Structure formats: C-alpha cells, structure tokens
Amino acid sequence: MKLHKKGFRRFGVGVILSWSLVPIYWVINTSFQTDAQISDTPAHLFPPTPGWANYKALLIGDGELPSMIRRATINIFIECISATIITVVLASLAAYAFARMEFKGRKFFLFVVVMTMAFPTYTTLIPMYRIMAMVHLVNTYLGIILCYVSGFLPLATWILFSYMQSLPLAIEEAGSVDGASRMQIFRLIVLPLTMPAIASTAVITFLFAWAQFIFPLVLASDQSTQPLTVIVAAIQGRHIVPYSLLSTAGVIALSVPAVIALLTNRFIVSGLINGSVK
Amino acid sequence: MQNAIKISKSQKSIAIVVAVASAFGFASLAAPAKAASPVTISVVLAAPPLPPAMLAEFTKATGINVKWTQVDWDSLQTKIAAGSTANTYYADATDVDWSRVGQLGKLNWFLPMEKYLDTKALATDMPQLSSFTKNGHVVGIPYDASFMVTTVNKALFAKAGITKMPTTIDEYTADLKAVKAKNVVQYPLNIPFAAAEGLSTYWYETTGAFGGHILDAAGKPLFTDPASAGYKAAAWMVNAVKTGLVPPGNINVADSQGQQTLMAKGKVASTFSDYSGNVGSLYDVAASSSVVHQVQYLATPGASGPTSNLGNPDGIGIPVKAKNPAAAAKFISWFTDGKNMADFAGANGTARTWVGYFFPSRLSGIAILNKKGSIIGGDVLAGMLKTSAAVFPQGAPAWYPEFSGAVYTNLHAAAAGTMTVDAAIKAIGAVATKLSSGK
Amino acid sequence: MKKKTDFLPYALISPLIIFIVLLALTPAAFTTIAAFFKVQPLNPPTHFSGLENFRDILHNANVISSLGNTFIYIIIGVTLSTVLGIYFAVILQRRFVGRSILIAVLILPWALPGVVEGILWTGIWDANTGVLNSVLKSMHLITHYQVFLGQHKFLTILAIEVVQVWQITPLSTILILAVLQNIPDDLYEAATIDGSNGRKSFRYLTLPLIRPGIAIAVVQSIIATLNIFDQPYILNGAASTANSLAMETYAVSFQNLNFGQGYALSLLITLFTLFISVIVAKFIYKKVEY
C-alpha cells in the first residue's frame, strides 16, 4: 500500500517534470546555439558550441538592446507587482463580504463581477484605450496597472470567495463570542486561514500580468513603460527572425517568475493542512 | 449603536488597507515620462534604433530630441489601427508600409506630407514616391527601398551541372527539375506556403515574372483568366509543390522561416521571391548560415527574359494626432536625406551603419553607395532597383489587407490540396471584385 | 425586527465594483452598442444597422470555419487541461522533498512570452527541421519527416491545442491545488481507517471536495480556449484548417477595419462563453460543507 503510493507519486513527479521541462529545455538549448545550428538536421540535443554570446548580447553593455531589456524588466516588475498587490487586497475585502455576509444584491454583484471575465480581449481594447486617453493615463505605469487590476479582479475575487465560503462556520462564531468586530475576525481569523488561497491568487495574478501583451502594446507608447513581453516581441526583425536571441530573451523572461515562485510557493501549500484548525 | 461603531472602525481599516495599496501603487507609478524642455519627438518603427552617433548629429543640428521605440511590424500595425481608431496620440512619426498606403490615405490617419516637405522636388530623386501617393496626397516617405529578388545557391546549381544561370521562368523551372533529378537536394525550391503575408508577396513577384499585374487602376482583378499572368503564377506555384520541387513541409512555412531554415542551410537551391539584402544579412553571415558565399542574386527570370522586381519599400509618415508634426517633418527630411541613407547602408563605417537597413530610397543615396562599393552584390542590386516596379503603381488600394487575406488563405488551401487552383483564383477574384466595387 | 441596512459589505465590495463598472462594464457597454451599428472607417458614415453585422458575420466563410475549429479547441483543451490539472494537483497535495521546486517548475510554461512560445513549438512541430521529426527518425519510428501542421485538420488542431494546454495547465493546477490544501487531513485519516484505498478516497473524498476549484479551472480553460489566438496564428497562419474565432475577430476588426462586425462577433463570443460557463459551473459547482 505505502509502496504503491510512493510509486504513484514518483511517476507523477516524472510526468510533471517532463511535461514542463522538456520544452523549456529546448528553449534553453536553443539559447546556447547560433541560428544556423538551430536549423541543422538532425537537431542538436545539446548545444554543439555552447557559449554566452546570446546572453551577453541581451544583457551586457550599454548598447540599445541591453538597455531596452533592462528598462523593460524594471517596467514589467513594477507593473506586475503593483497590479498583484492591489488586486489581491481589493479582492480579499470583496470576497470576504461575498462569502461571509448577507446583503441585498450579493448574488447579483458577484455574478456581474465574475461575468466580466467572459469579455474577449479585443472587445475592450479600443474602449479601454479611449478611457485611458481621456484621463491622460496612456503611457503611464498607473494606466497599465489599473487596466490589469480591472482585468484580474474578477478571477481573484472568485477564487477567494470560493475558498472563504468553504471555511467552517465555527470560526466566526468563535470570534463573535470573544466580542471581536467583523473586520477583526477578518484580519485575525479569516485572512490567516485563507493564506494558501491568497498566495495562489497572487501567483496567478502575477503570472497573468506577466504574460500580458496586447494591452501594454497599445497603452505603452515608449520604452518608459513598455514591459518585457513587448520588447521581446520587438526583437523580431522585419525579414529575419533571430531564433536564438529570442529564445535567450525567453529564458530571461521566465527566470524572474521562476525565482519569485521558488521564494513564495511555500505559502501556497500551507494552511489548514498544517493543522491550524482541528 | 454598537453596530455603527463597528462599521466606522472597519471602514477605517479598509481605508488604511486601500490607502497603503494605492500609495504603493501611485508612488512608484504616477510620473509618466515627461517631455524634456527642448522639443522631443517619439518615433515608433519596426526597426532597432538608429546609430546613436547619427541621432546625436540630428539633435545637435535641430535641437530636436528623438525618442526611438521599436515594436515588431505586426504589432505596430495593430498599434497604428488602435491609436487612430481611438483618435489618440501614439507617435509623432511611424511606419507607412507600401501595402498600407491606400488604407492610411483614405482614412486620413496620416498628415499629407506635401504640406511639410517639397515632395515634388523629392519625387525626381525618389522613384518609389509615386506609390506612396493616394488621392493626390503623399501619405509617407519611403526610406528603405527594399524589393523582392530571386536568390540562387550557385554551388548547388553547379553540382547539378548548371553553370549558366536561367533567364526565363521556363529555364528556371527546368534547372530546378535538374537539381531534383540529380538528387543534389530533394526539394530545390523554397515557397513559403503558410497562410500569411509572405505568400501574397511571393505570388505578386511571380505574377510580375509572368509579365502581368494583379489589379487594374480601378482595383479590378486581372488574374482570373487562365491565360493571365496571375493565374499562371498561381498554377506554377501550386504545381511546384505537387511535382515535388517544393518541400511538402512548406505548407506551413512562413517567408523568413523558409529563408532561414531552408535556403540558409542549403536544403533548397533557390527562393524565387526572396528579400533584397538577405545575401548580405543572412546567407553570408556564418552565425546564421551554412551556405556562406554560395548564394547570389539573380535578375528575376521572366516569361521571355529577365524582368522587373517587385518593390516593397518601407515608408515613414506623421499620424494626424502627432503632438509635434513640424519637428517630425524635420526628422523625416533628415532621415530620408540621400547622404544619411547611404551612411545607414554602411557607406561610412559601422558607427554610422544602421542594423537591418538595406538600401536608400533616393538615387543620390545609391550613387554614393555605389561609389564606395560597400554593399554585397551592390552592383546587381542597383541595377535591379532601377527596374523595380510597384505592385500597385497607383498606390495600394484601401482594402489591401482584406484582399491579401483572401490571397494567402486561398493559395494556401490550393497548395494543401483542399481546393483547386481554379477555385482559389475565383475566390480571390470575387473578393477583389466585391471590394473594388465598394460593396 | 427589521434590521438597519448593513453598510459594511457594500463598503468592502465598493472598490471592486468601481473598477468593474469603470474599466470592464463601460468598455463592454460601448462594444455592445456598437455591435448594432455600422462602424467601418473605410466606408463612412457610422449609422445604426440593427442586426446586419450579425447577419454578415454569420455569412462569412472564415467565421464559420473558425466556429467549428474553436469548438474542437474547447473540447480538447478543457478536457486535457482539467485532467492534467487535477492529476498534478493531487501529486503536489502532500508534502515531500522537492515539492517547492516542482511547483516553481510547473509554472514555467506560463511565464514564457508568447513570441518565444511560438518559436519553440514551431521548432518542435516543423516538418522540415523540427525536433519531433528528428527524434522520431533517430528512433526509427518514421522513415521520413512528417507534416504535422496544416495538412490534416484534426491533427493540426490537436498539435496547436497541446501548446495551449501546455501553457494553461499551470493555472488549472494552482486553482485546484489551492482548494485541495483546504481538505483537512483528518478526513483522509478517517477514510483510511474505514479501509478505503487511494483510488476510492480520491473518487469519494477528494473529487467531491475539490469541485469548486475544478469549476473555476474549467471556466478559465473555456475562456482561454474560446479566445485562442497566438498559437494557431503563429503555428498555422490564417488557414481555415485551424483558424479560431478570436483570430477572425481580429481580422474583421483590425485587418478589414470593420469594427461593427468585430464587436458583433465579440458579443457572440461573450454570450457563448457565459452560456457554457454557467452550464458547466452549475454542473460541477456544489457548495462543499464539512
């Protein structure tokens, strides 16, 4: 029985690793080759002449490309972190009300909020652009962040609502007996218990923001606000697509979220399971 | 009463949380890049920034700072459409592609350049300017005179015993068959059959080689008759797949992909419609090619001898919402100056060479380049440029993007075998007829 | 016994509602109205045109083919990403050495920029120089390179959808994992005492309890697959073998500059998304009590 379980997990770990890493390995492998080597047949399973040339071209020196990449990395970082924090804070407050309080219009408001996820990107692109231009937020961090927050709030609210709703009723009763206000219960009891969901929501929101392309493409007019995704796409030439350089940019672009996930994911997988409520 | 206190207390804590969140937000984010006190213009192009030394010269001479933004071409077209539709400022000067002249001209999304520059004087030195003119207005100024060329891998041709290069399309086809028959390469010809813009361009170039045009001056199709050049060109292209001249995998290969992964690797022996400049920037570059010094430009083989090449120049114009059109015009004037363009193309050393730039759009610029002899295959190319012809001599029609969409989806389907060439041509013709009659 | 109106919940949801009204509902209202207008900058003026846009797009052959293709994308994508999401979440449920690293590894596909993802998978599927062909040939599973994309409709769509599933499975996994973390250990302990094995406790304990997570994950994958754009566009161009509704929306709006029709198509996609999401969520979503 125990052995069987171990085998099940080992196999699963193998599946996750190969599912995620085999293609990612190929990006890394490509980033250490030249464009000519990439198109060789049969394909090189390992870089034939590994070197840091592509990485140096993108990261080192005062050339236009490295400085563009550096600026865009700072931009994407500011935009994603800010959008994530605002989204998670606002969504937690709203989810608490939706999940643990009775009020008129509760179902209606919740449905309307969640429903807005159904709007396709291209539906809202131009009106969003117009609104941002009207309030002079085109080509500002704030404009991009507000746009992200409005886009990611519905999912964040839904996740947190769903999680808070499944918390045992007893926690509030216990709190009320102690004479705590509802916001104290929220802060002292609900929030800590919701930590895994909050961490998951933060990771999800951050990654959604990290992957944005079309909105920042139109909302950012120059290097002062363009995020990394837009700059990576710009590396494509009009007639020649530098595969190896783009792969290198891809490796750089995914290393930041990878590090963040590594540092924060212990919050995702902790909570009730550790026995905070028994 | 207790309830009320609770509310105010909790509202306070909400307020604090929200304030902290927003403070974090606003503090780091608010200030947008403000224009410096001297004039700054924003130039957005699908190209890397100009050499800093050159830009500094412009700023020194005019006092105008240039903020350069690079966006990939596809995305840039989205940005132009979105910005113009939303009636918003997005750049002071940006891309006007040859294929978008009609659209941008009709929509009045760009300022008429004749108001800012002496375009009449310019026209004599700039052969492609006429195809950037629509309804009497100059929509943009061509700055890079690229055109389509035929490229041939001479080494592979030689292996098949071909030393005299073909001059007609029949000779060319026969030579490709010989390369295949001698098994020098399994599939000698590169045609990018992916349903994308590169396939349309390939067909225009081939149609030109068969001695005809795509549309007449009114935008009506000229290719529906089986004896027409456009029809023959489509049949020739599809037949090349069916007879095994083109790799079957090319059904999904895009233009640059075919050039980079097939032509540059010696897996095919020729690309009938290649980009001018590719020998210097791709095939002769060791990092991206295994056929260094093997590929050469070939005067496009036509129905009865070498024929004209199809021009696909890049232009630059001023969007109506530009904040500083006068300064943008000054920049464009400098940017399309003959001597400067020769420098971009490498006439005066690497510090003044603009990566990815191909060829001046002004005859005076080419003259400087030729004197220096600093371009690979320059003499051949200069000759070709003289005879390069616009796909649409009167400027592309306003509905070009929709038309091109019909071209590449139907030609792709014909190559994939899901429809006949005849049906594909009929479908493309129907779209052109519908669009040109204004629906 | 009439209670005074309780303001706290409204105060709590008001920032959210302000965002939604200003930046989601307002743009949506704009497009909904414009869907009933002829908005064609190349062919002015703009005027009310009733249902004409809807009639026109439903007579557009590209839209019709994209409708069928999108349906296949949804079926393949939702099934694969949900099954994988549940499987991965269950694997990650318990603490073990290296679990944190594994979660970080899991999200990598999502963090890869779209352009690079396109280049990567083009390089994998490519018929002339692709890695898959190369590997299959060296293992003598094929004698010559195969064409995976662009020739057979179902194969093409499957190959493209695998790319999207690769990208969205991290989302499904995290969504389900979050709920999975909420199941108290003692429930499993009780189940073990009852003598139920791993498979049984998954079927009767885990699965019912993670329904809220699955519901969110399924709705997310419906939204993602209904809006698939980059993957078919990069891997298969605009060809009708695998074109998607979102690609046609883009083509109609930004290529043909027929914004009225584009908005009409967007509106249909929105209604379609809502319709299947509500049905699916109702079906899966059950309030869980324990």
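When the chains are written out, they are named A, B and C in that same order, and each has its own residue count from 1.
Criterion: contacts are C-beta pairs under 8 Å (C-beta built on N, C-alpha and C of every residue); 3 or more make two chains touch, one makes a residue touch a chain.
Note that the structure is a prediction, hence the values are computed from the model and not measured.
Student: Could you draw the chains as nodes, link the ones that touch, and say if you get a line, ring, star, complete or other?
Tutor: Topology of the interface graph: complete, with all chain pairs in contact.
Student: Of the chain pairs A-B and A-C, which one is connected by the greater count of C-beta contacts?
Tutor: A-C
Student: When the centre of a chain is set as the mean of its C-alpha atoms, what distance in Å lies between subunit B and subunit C?
Tutor: So the centroids are 33 Å from each other.
Student: With centres defined as the mean C-alpha position, give me the subunit A-subunit B separation in Å.
Tutor: Computed value for the inter-centroid distance: 34 Å.
Student: Express in whole angstrom the distance between the two chain centres, defined as the mean CA positions of subunit A and subunit C.
Tutor: 15
Student: Find every residue in subunit C that makes contact with two or more other chains and list them.
Tutor: Correct list: 6, 8, 12, 15, 115, 128-129, 254, 259.
Student: Could you list which residues of subunit B touch at least two other chains?
Tutor: 6, 10, 14, 18, 72, 78, 82, 85, 257, 261-262, 265, 267
Student: Using the touch definition from the top, which residues of subunit A touch two or more other chains?
Tutor: 38-41, 90, 93, 126, 182-183, 233, 236, 241, 243
Student: Over in the complex, which subunit B residues touch subunit C? Could you list them?
Tutor: The contact residues of subunit B facing subunit C are 3, 6-7, 10-11, 14, 18, 72, 77-78, 81-82, 85, 103, 106-107, 194-196, 247-254, 257, 261-262, 265, 267, 398-399, 401-402, 405, 408-409, 412-413, 416, 418, 438-439.
Student: Which positions of subunit A touch subunit B when the two form their complex?
Tutor: By the definition above, subunit A touches subunit B via 34-36, 38-41, 64-65, 68, 78, 82, 85-86, 89-90, 93, 125-126, 129-130, 133, 138-142, 145, 181-183, 187, 214, 217-218, 221-226, 230-231, 233-241, 243.
Student: Contact residues on subunit C for subunit A in the complex?
Tutor: Per the stated touch rule, the residues are 5-6, 8-10, 12-13, 15-17, 19-20, 22-28, 30-31, 84, 87-88, 90-92, 94-96, 98-117, 119-121, 123-124, 128-131, 134-135, 137-138, 166, 169-171, 174-175, 177-179, 181-186, 197-198, 212-213, 215-216, 219-220, 223, 226-227, 246, 249-250, 253-254, 259, 262-263, 266-267, 269-270, 273-274, 277, 287-290.
Student: Hey, which residues of subunit C end up touching subunit B in the complex?
Tutor: Checking each residue of subunit C against subunit B gives 4, 6-8, 11-12, 15, 41-43, 62, 115, 122, 126-129, 145, 147, 149-151, 235-241, 251, 254-257, 259.
Student: Across the complex, what residues on subunit B touch subunit A?
Tutor: That would be residues 6, 9-10, 13-14, 17-18, 21-22, 24-26, 28-33, 42, 44, 46-49, 52, 67, 69-73, 75, 78-79, 82-83, 85-91, 146, 255-257, 259-262, 264-265, 267, 275, 277-278, 281-282, 286-290, 314, 356 of subunit B.
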